[in-house]
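What follows is chain A paired twice: with chain B in the first complex and chain C in the second.
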Partner chain A sequence: MTTAAENAQVAKSPSNGGGELKNWLLDRAPFLVACVMLCALVAVYGVLRDGVFSLAELNIDTAAALTLLLAATGQTIVLLRGGIDLSIGGVISLGTVLAATQMGDNPWSATFWVLLVLAAGALVGFVNGVLITVLKLQPFLVTLATWSILSGAALIVLPTDGGALPTAWMAFGNATWLGLSSSVWLLAGLICFWLWFRRSRLGVAIRATGSNERSAFLSGVSPLWINVATYGLSGLFAALAALYLTTQTGAGSPTIGKDYILPSVTAAVIGGLSLFGGRGGLIGTTIGAFILTIIGNLVFVLRVSSYWQPIVSGVILLIAVLASSTAEKSARNSLT
Partner chain B sequence: MNLLRNRAIVLAYVGMAVLLALTSIASPGFLAVSHLRSLVVLAAFIGIVALGQTFVIIAGGIDLSVPWVLNCAAVLMTVAAKGQDQPLFWIVPLLLIAGALTGAVNGIGVAMFGVPPIIMTLAMNVILQGGILVYTGGAPPATSPPAIQYLAVGRFAGIPVILILWLVLTALATLLLSKTAFGRYVYAVGTSATVSEFSGVPVRQTIVLVYTLSGFTAALAGMLLTGYTGQAYLGMGDPYLFTSIAAVAIGGASILGGSGHYIGTIAGAFVLTILTGLLPALNLSNGALLIVYGLVILVTVSLSSEAVPTIAAWSGEYFRTAKSLSMRSDHDPN
Partner chain C sequence: MADLLTVTGVIKHYGGIIALSDANLCARAGEVHALLGENGAGKSTLIQILSGAVRADGGAITLEGADYHPRNPVAAQRSGVSAVFQELSLIPDLTVEQNIWFRREPLSVFGTVRSGELRKATTNLLEEFGFPGLRPSQEVRRLTLAERQIVEVAKALARDPKVLILDEATSALAAKETEWLLGLARRFAKAGRLVIYISHRLAEVRQIADRVTVLRNGATVAAYETKAVDDETIITDMLGRRMDRLFPERHATAGNRVALQVRGLTVGHRLVGVDFDLKEGEVLGVGGLQGHGQWELFQSLYGIGSCKGAIELLGRPVAITSPRKALAGQNGMALVPEDRRNHGLLLTKSVRENLTLSVVSRFTRFGLTDAKRERALVDEMITSLKIKVGSPEQIAGTLSGGNQQKVIFGKMLLTDARVLLLYDPTRGIDVGTKGEIFQLMRDLAAKGYAILFYSSDPPELVHVADRILVLRNGRRAAILEGDDRTEREILRAAMIETQGAA
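For the complex of A and B:
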């Protein structure tokens, strides 16, 4: 439990000389492994296919990765706090069907429903946070239940895939500015948000709670506030993911959300996040999301069965998590 | 058997009885013998998958690899048997061992390499999914042999054969949990792995064994399920991820480990099955079923939460404090 905090301490204090670099590396080993894997995958992809290192390819891959990344942003925040959020699947399903059935072609109603979907996502997270704190329930079960409830609601709103989005809304998904697509600008915005959030009062409190719940609460962090804020943000980002997804698919789907629940955890863990809380960040998660996207591209370019994609991502996930646990173990050994 | 554990399991059975009563009012004929038989068969599949899941959850883990272990066993069995009974003599034991070994790999990853259970079993699930899809090329495999169909839907002296099988498994699981050293180790590891380690409990072996058991029951359920559906198909295991965990949770086990019992899980499996049967009778859609599932999980888990007595005490205290404050403010405005 204390290793994360102690590592940070050791990495910062210059007192142990030669061990300093080693500790710095060990502390970031899972993240560095993810970077190496992404570079290797991109290199292989670049060899197999022409024009990989171009803006067009960047635009396409970012658009492909962004829905997962938005869902994984919320998941990253929850995992940093030491929880898990399965309800994002329900929020995404419900968000896409609401957008596809209700927006219409009137810009005012479209704006209204965008805001409503975002508010609904945040509200779901708020309810999760309250239930987890007040009733002292396990996040896994609470969010499993809310996921089921929201998926049911999505099926009632729209029983099968369909619906339509305003043309202007779809055009936003394909718009480019200065050669970069809207997805790349959104990614840049997301990274900027994270750089601010990481150092914000709430961001520090979330990581502190994830590292050691008890000492965080003793230092004056309110458990209710932390849970409501983390799950609320997770719901909000899931709603954003749903809205972005509709710009890509142009339709609503009441079952699509479940395809993002476990991959959002996978992206974060591949990016070096520890499921024990307190360690990791959105930069790693971004790399994880791109690794998963590039694997899909590679399977396509190699012309092997698309069924290889889950196998490869499963193996990469295991490599990432083994690197992370090995690094944590040796960090612990170097302390004692 | 402490009080809390009993309370949660009793609640699960009360819920099941209430549901049965409501259902028989809503749709007369629900309690007919023929209908109860089909109810038991459907509950048995959830119950068998949830057996291993119960052990894993009591030991403080979770097994997300259940869907595709089940699916792989189902597909490989039908493909290898080609609708014949004779090859089953070696296929069934072989696939049960393969399922158990898959579970053992999960357990080794969790116990020896410190991989979080969610990640280890999730990775195993997607690898198996990809593997079996590559193997079959996505095409639907062959039909189920007659012997398996007899086990799944046949009757022996009017009793469904699968019910007999399920009762035997229940007896074994109960013996294992309540009467053996292994059972006590499972509860000990789920309560605190560190304390268990220092108390001389073979923590790693216990963890490997519970995942092995879960792989075994998932493979068994997969083969039996082909007898019910007539053939194996891709994706047949997917609903069992949710239902196996939900049955354990409704049955009163804490997802943190250390509490619960397979007896409770059985009530959980029946609650889920009755709900599935209730909603078509009330003309409700699949969406409504998912909403009801979610609410039932929330309610059962909340009722057995340790916070309920605390909240009752808090609210009592709150009203007392509010009362005394208002009384004080009558005397002293400051």
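For the complex of A and C:
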């Protein structure tokens, strides 16, 4: 009797087991598709242009991608939580104009304003988190409102593009060490941060909350803390993006932030992040950001109208979304 | 021995509804204490209070002689009270081990989770309690309902509680896993701790509980030593009236016309070449060990997922490729799914909206809904199914499990479906409502509906179905008729000759 029952149990297991590798692949399908697309784009780019596979090119492309990637890092954290942050546009605009008008040439004042911009970014995130939790408002609407407010504030500080950054500040943006630019080192630092963050208790809690909010709260995750931390980090990274941007442009712009809001979501989704929260990571987002950058390069090399850039980005995004939904579907079918 | 946990005169209101009026419970360390009562009797509310999910409005609770009023689940867990809820609290995108230790992960000096230690702790825990077939690294969203239930138990045990509350913890489990969990509860109690056990299965309660406390209408009505009381008394206490029969009388109502003919139905390798006929007016039971193709059978008939094989509805070949097609037309099929909280009902919508969701077109004129006609249909359903609601506008999620199930039946009956697919319709429902649902099934059969009925509880098949189709490894193992319809025969067909069939 017992053996019969056990046999019956064993008999049903082949359908569950065996598919371990398949499951592993399915889980990572969107990310793998992004990797393949990046390789393909780089290959095409390499054929069209000489010297693509060089350190110089890596430095240039990283510099081109890093502002978006920093903005997308915050967005990735928020999306993993199952939210969205539009206010990063406002933080970036305000950050660049504050830096370009206030830093001056005195190192002390420069340091002060760098810290202030970072603190302001985090503060905006705190406010977003508090509003979303305490007033139980939609993240989309709350951050839409804070974006609008900050954009206005940026225009008051500096109505048109302009201002100036300390020369030392600009020099930092263009410095190199061991053949790699400061941008590449920043990227490496960012990846290290992520490797730490995703394994930290906060990182796990953010992902868990995005996966199943109610369960996470029942298990003792505080809703206020999780939202303040999530949006606070997002604001902080947006401020970082703003500061980095000024090292590249050497000026402030009260309207530039909006160019990073939706692309930050695009980069994350291309990299395999689920908009329903809980699944994805910064490595994917990095791939996504580089895909968007290389598309820009290709449009330039092919000497076609720059309007082709959003068109190609859109197609790539569709492929990415298709990959994740296909993977999701076959995962569901293999389950029940 | 002194009582480990005492509950005295606990009261809880939800708005105007009284969930608990006078709950009392005395439970000792070292015992399995069963909590019995119909759905809506207040069991869930009481254990939610004990586990910190809600707070009592009045009354006294002590744990180890000290006042105990946990402010939230985490506080309750710190005091040593862990609950395994029916409504699972797991996080789908985390792995089994991450779920078990969530918020209590071992951390390194850098504040990161130490995965080696996490794995070791998980393996130790799983080994200590002999957990059946769980891999620590598997993501929870890939697990079946039964496996998730088991992880939930592991999560509760990992907190090393003094009081373990099991709420219908076996309802999703197959026989073997149930046996394991009952053994675990006994062992846990023997170690000097307390298990509060909630189940609708009296046989299980008899098997493991030292004492039982019976709740009715929000108040404790009786407490017994399990050995000193018979089933009849307990059921009488639960119902407050004598229970004549759980199962209705069964008259053969099957007609001659075949309502649903299935030939060679195949879904991957989980359902292989299944044939059967279902006549009008017939209840065809579907049995077998859990996970042997029953759900695949139901979902392919309802057009979820892809399948091969021939299906004829009332002599007409059909290709059902979506639920919409299954429901369509005069002679469709309608399904009552297993996970009614997620799949069958819109919990945040009203009873009225739920009932009429599938049939909006029946009272739509020129693209506008006719509220009067809708109201009439809804009232008729509520009356004929005896759904206990304050008003048709009551939110479905606030109904008891049995009444939610009746709403799903109502929704199904409002469509023109003639073939009803009932997948474990009485899972987690109290005895009284169960009886009503069985009666309803027989009444529907008498009206000519053809019913395909899966139940995880074999006695239900034996007493309600006209014939029983037993599946084993996704194949038809037997069709039992007449005197062959016994639990023994079902089990025999489900388990024997496994090698040959596999």
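Convention: the second predicted complex is superposed on the first by the 319 of 336 C-alpha atoms of A that agree within 3 Å, B and C clash if a C-alpha of one lies under 4 Å from a C-alpha of the other, contacts with A are read in each partner's own complex, and residues count from 1 in each chain.
Basically, a residue touches a chain if its C-beta (ideal position, glycine included) is under 8 Å from a C-beta of that chain, and two chains touch if they have at least 3 such contacts.
In this text, all values refer to a predicted model and were calculated from it rather than measured experimentally.
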item	value
Partner chain in contact with A:141 - chain B first, chain C second, else both or neither	first
Broader residue contact with chain A after superposition on the shared chain, chain B or chain C	B
Chain B versus chain C as contact partner of A:275, first or second or both or neither	first
Chain B residues within the chain A interface of the complex	62, 64, 109, 113-116, 118-120, 122-127, 129-131, 133-134, 137-138, 242, 245-246, 249, 254-256, 285-295, 297-298, 301-302, 305-308, 310-311
Interface residues, chain A side, partner chain B - complex	84, 131, 134-138, 140-142, 144-156, 159, 254, 262, 265-266, 269, 275-276, 305, 307-315, 317-318, 321-322, 325, 328-329
Chain C contact footprint on chain A (complex, rising order)	1, 4-9, 11-13, 15, 23, 27, 196, 199-201, 204-205, 207-208, 210-212, 214-216, 218-221, 278-279, 331, 333, 335-336
Complex contact set, residues of chain C against chain A	53, 72-74, 77, 88-94, 98, 102-103, 105, 107, 110-113, 115, 133, 139, 141-142, 144, 175-176, 268-270, 289, 291-292, 295-296, 299, 305, 472-473, 494-496, 498-499, 501-502
